[in-house]
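Two complexes are shown next, each including subunit A; its partner changes from subunit B in the first to subunit C in the second.
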Partner chain A sequence: MAMNESQAPSLAEKLQSLPKQVIYGILLVTCTVPLFFSVKLPNKPIDASIDFYGQTMKLPDNGRVIICSDWTNSTRGESKGEMEVLLKLLMRKHIKFVLMSIGDVQAPQVAKDTIREVNALEKLTGGTPYKEFEDYVNLGYFAAGEGTILAVNNKILSIAQGKKDFPEGAGPKDALQSPVFQGVKSVEDFNMFYLVTASSTNRTVLERITKCPLMFMVSGVMVPENNSYYAAKQLKGLCGGVKGVYDLETLMENGINNGSDSVESDLYRGEKIPGWPGKGNTGKGTAYYLALHFALALLIIAVIVGNVGMLLSKKGSK
Partner chain B sequence: MNFLLDIDPKTFWNAPNGSFELYAKIFIALILAVAATVGMLYAPPQLRKWIIRLVTFGSGLFYVMFWLFPAPIDRQPTSAPRNAVETFSFWVSDSQLVVASLTNVISGFLIGLGIYSLLRVHLGRIAKQQRDWAFSAVLVGSMVVMVFFGFGDWIQHQDPKNFILADQKNWGLINYGRDLLFDGLLQNMDAGMFSIVAFYILSAAYRAFRARSVEATILLLTALLVILSLMGVVEFLWSGFIDKISPTNFGMHAFVQSFKLSAMSGWLRSNVQTPAIRGIDFGVGIGLLAMGLRLWLSLEKTGGEG
Partner chain C sequence: MNYDLLKQLVAVTATLGLYSVLYKENKFYRFWEHVFLGLASGWALVALWTEVLKSGWWDKMLGASASDGNTASMGYWMYVVLLPIGLMGYLVFSKKHNWISKIPIGMILGFYSGQQFGAWMTYYGPLFTASMKPILPNQSGFFKPADAAAGSVYGSEALTNIISLITVLTVLTYFLFSFDVKGKLLKASSTTGRWLLMIGFGAIFGSTVMMRFTLLIDRMYFIWIEFIKQGLFHMK
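Take a look at the complex of A and B:
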């Protein structure tokens, strides 16, 4: 009995050696259960997200942009929400877009699936769904990203030459015949270049697109790296991870400097930027923000438990 | 593939559709490509090495020229070069589009090379029934099935009469097969694989993130602040508390307000994180430049010519 007692692990040891199955189990539960509850949590959007929203809202209605969609479902928790919120913004402002990918062969199909889903959502809230070829044109995937992006900056029409797109209710047509390209001579005819990515294509774009303003939507782990470019004003705005998506959803609901519930920001002092209150603004950001809270809280608790165990064991050894 | 197509303005690299010039250029390009391939096949190894070096240098030289050679400012489609420098500059600028297309084509060949390599390794393993050959069979089988349904669906979409496929009600076996394999399986497995990272991060943070030294403690506390600032509820409650205790005296008010989570994490981002990342990027950039030079000048031997 005495022998057993001397072998029993101390509290310090227990705290430092929780079985990984227990940790994994707790994570699974804490990340899954919140997904069943759509809770609107208080939020203060960060400047990068406010700029992203503000600059997009300042684009002319019926304008024209490029979306380089380089994400796949491996990061759908973050990237899909970003793509959805971007599409909602563009559709509500009737901005046409060119869709292209340089990051992954799966990316164009994943983006098309998301457009279809957002179309259905917008239809439910009285919006007008986007038609392929008419409102957006899909150039597909380009294997050599560096050269292609350089060509976009140098002469955008050359990368669309010979590409086909599929208008609704008709066979494939030359992408350059799309209304999106009408009147386009260079990349300067586009109001913005958006990049939705979870890979290193951010650098490819940043280093090569010089004739068109840039805004990035990146995964959470890429925020520190890209924040450097936002701080240097190379990016007009930046949306990062689930927090960025939730920021944009908050801004779409309330607007900027737009009344009692709106987000107050010194970045747009003296300007009122409206939102679309009650028009289906909740999406992946709202759905996942609570789960993110639980996951981050669990991370903090796990680190504290490990450190308390370490301190206790140090104390015990003295 | 857009080079040699009828692109405006006319350059060295294109020609009107159906013209003799276009066909002549295609023919010359074909002859040159065949000659280069045959030449490489029969060249002695020592000479082949030098051909590879020359091609590598030429490819790199093009982009060095593109970035560094003075480009004409505000060139219009109708602009004509005024001297030899501008003629060369225009040529480099026009050629970039062709080079971009060529790199896309070469990348296409790389996929072919990858498939060949994959089949060679795994079919050999299946034929010899080596260890874990069943996994190889699953891999090859999955590839064949995906290629079959993927291409089948793509070919159907190329037919103008098949625009009805936009509506799921008109789908056939091929379309459902592609949907099941791509959206139903591949995409979800992709998401599943990546989500596993969360488990490793949590486990690693719990086991390794310890305040063993002053540096580690500083890192731990800054990470804690940034994490807390991402949690809207915590940020909201803490801001409310700060507003409540904030004195009316202007100097003290500003001082206490700077303890809001958003202010602290913002300061950390702007004054610690961003400069640190810029410093790291600068070092990485210099390293990449040195590596690029070594590759361009064929000085890098590892992993290349043996």
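Take a look at the complex of A and C:
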């Protein structure tokens, strides 16, 4: 009996050897349960997100932009929320856009699916759905990213030449015939170049686009790197990960320097930038933010438990 | 069951299949892994033709007649020259003729190198400029007031800039590999640089973990909210 007791694992050993299946199980529950509760956490948007919103809102209504969509379903958790919020902003300001991709062959289809979903959401809140070819034109995927982006900067019409758009219910159409390209001579005729990415295409774009202002929407892991570009004013604004999406959703609801509930910012001192209160602004950012906090809390607890176990075992061995 | 729900059901099964490896390696996981790989390869093959070769080469070479609102375009037969140049690349597999493959590879390297001159400056130029920050305050207060004039540097900003400068210099000294670091000052600087790099990597690791959690949360949202709650039970 005494021998059995001496062989039983100590508390320190137990704390350091939790079965991984148990940890995964706890993580799954932690990430799932908060999704059923609609809790809006308090939020103070960061400068990069405020600039992203402010600069987009300052674009002329009925303007024209380029969206380089380089994400696929592998980063849907972050990139889809970013794409949704960008599309909502552009649609509400009636800004036409060229859609292209240099990151992945699946990216154009994933972007088109998202546009279809956002169209349906905007229709529910009284917005006007975007029509392919009329309001946006899809140039599809380009294999040589570096050369393509250089061509976008120097001779944008050359990359659209020969490209067909495939609007629903119609045959293939020459992309250059789209109203989006009417009057376009160079990339300077576009008000902004947006990049939604979860890969290294951020650098390809940053190195080559010099004639059009840039704004990036990147995954959480890319935020530290891209913050440098934002700080060096290479980017007009930056949206990073779920925090960036939640920031933009908050800004869309409340606006900037726009009254008691709005986000106050020195970046736009003396300016009032409106939002669209109550117009279906909540999306993936709001839905995921609470669950993310619970997951991060679990991580911190796990680190503490592991370290306490290690300290106890060290103490026991002395 | 409608088509959208059926699509979702397949996606949910695939998600569960891929996550089942967390419990242990199994055939259900392997099956979905192979389905995923097959789909990705098939999609890439079709896209290679439709998105790259057809629109970027074939159609431009042959041209097109006017139809269905599309204008006619001239064919440029010179595009045919690209075919043998491209095929030369495959001679890398031939022991006798693999030198020929160096011609297209050389072309690609040449194009890329030419681009990089401009790209390098566009990328690093603003970063260099942004690193040059004032480290001496020109205003008496410590915290920057909301109505501060442009160009004014307050104590808090100067302190931030000093930290930034120290970080840049110490991290640079850590990467001095070309000679033996012996001096006390240089050694201390190098060690500080290493510590600051570790803190930076820690922040990046934190962002990585946050991203991975979000991907899991998204999958759970898809299964529980989009499929079960909204799809099966039609709840908002």
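A few remarks follow.
Heads up, the rule we're going with is that the second predicted complex is superposed on the first by the 315 of 318 C-alpha atoms of A that agree within 3 Å, B and C clash if a C-alpha of one lies under 4 Å from a C-alpha of the other, contacts with A are read in each partner's own complex, and residues count from 1 in each chain.
Keep this in mind: contacts are C-beta pairs under 8 Å (C-beta built on N, C-alpha and C of every residue); 3 or more make two chains touch, one makes a residue touch a chain.
As the structure is a computational prediction, the values presented were derived from the model and not from experiment.
With the two structures aligned on subunit A, subunit B clashes with subunit C. Of the two partner chains, subunit C is the only one touched by A:291; subunit B is not.
Legend: residue contacts after superposition of the two complexes on their common chain; A:110 is shown touching subunit B, with no touch to subunit C.
In the superposition on chain A, A:21 makes contact with subunit C only, while subunit B stays out of contact range. Using the contact criterion defined above for the overlaid structures, shared-chain residue A:11 touches neither subunit B nor subunit C, since it reaches no partner. Applying the stated contact rule after C-alpha superposition, one finds that A:171 touches each of subunit B and subunit C.
Applying the stated contact rule after C-alpha superposition, one finds that A:162 touches each of subunit B and subunit C.
By the document's definition of touching, of the two partners only subunit C reaches A:140; subunit B does not. Once the two complexes are overlaid on the shared chain, A:154 sits against subunit B while remaining clear of subunit C.
Residue contacts after overlaying the shared chain place A:120 against neither subunit B nor subunit C.
Across the two superposed structures, the residue set of subunit A contacted by subunit B and also by subunit C is 20, 24, 27, 31, 74-77, 106, 142-143, 146-147, 150, 161-162, 164, 171-172, 224, 228, 231, 292, 295-296, 299.
Taken in their complex, subunit A has these residues touching subunit C: 20-21, 24, 27-28, 31-32, 35-36, 74-78, 80, 105-106, 108, 140-143, 146-147, 150, 161-164, 171-174, 177, 203, 206-208, 210, 219-224, 228-229, 231-234, 241-242, 266, 269, 284, 287-288, 291-292, 295-296, 299.
For subunit A in complex with subunit B, the residues that touch the partner chain are 18, 20, 23-24, 27, 31, 41-44, 46-47, 72-77, 106, 109-110, 113, 142-144, 146-148, 150-151, 154-155, 157-159, 161-162, 164, 166-172, 185, 224-225, 227-228, 231, 243, 246, 289, 292-293, 295-300, 302-303, 305-307, 310.
Across the interface of their complex, subunit A is touched by residues 1-2, 5, 7, 66, 77, 93, 96-97, 99-101, 103-104, 106-108, 110-111, 157-163, 166, 182-183, 186-188, 190-191, 193-195, 198-199, 201-203, 205-207, 209-212, 220, 224, 227-228, 230-233, 235-236, 239, 262, 266, 269-270, 273-274, 277-278, 281 of subunit B. Partner subunit A is touched in their complex by these residues of subunit C: 22-23, 40, 43-44, 47-48, 50-52, 55-56, 59-60, 68-71, 73, 111-112, 115, 118-120, 122-123, 126-127, 129-130, 146-147, 200, 203-204, 207-211, 213-221, 224-225.
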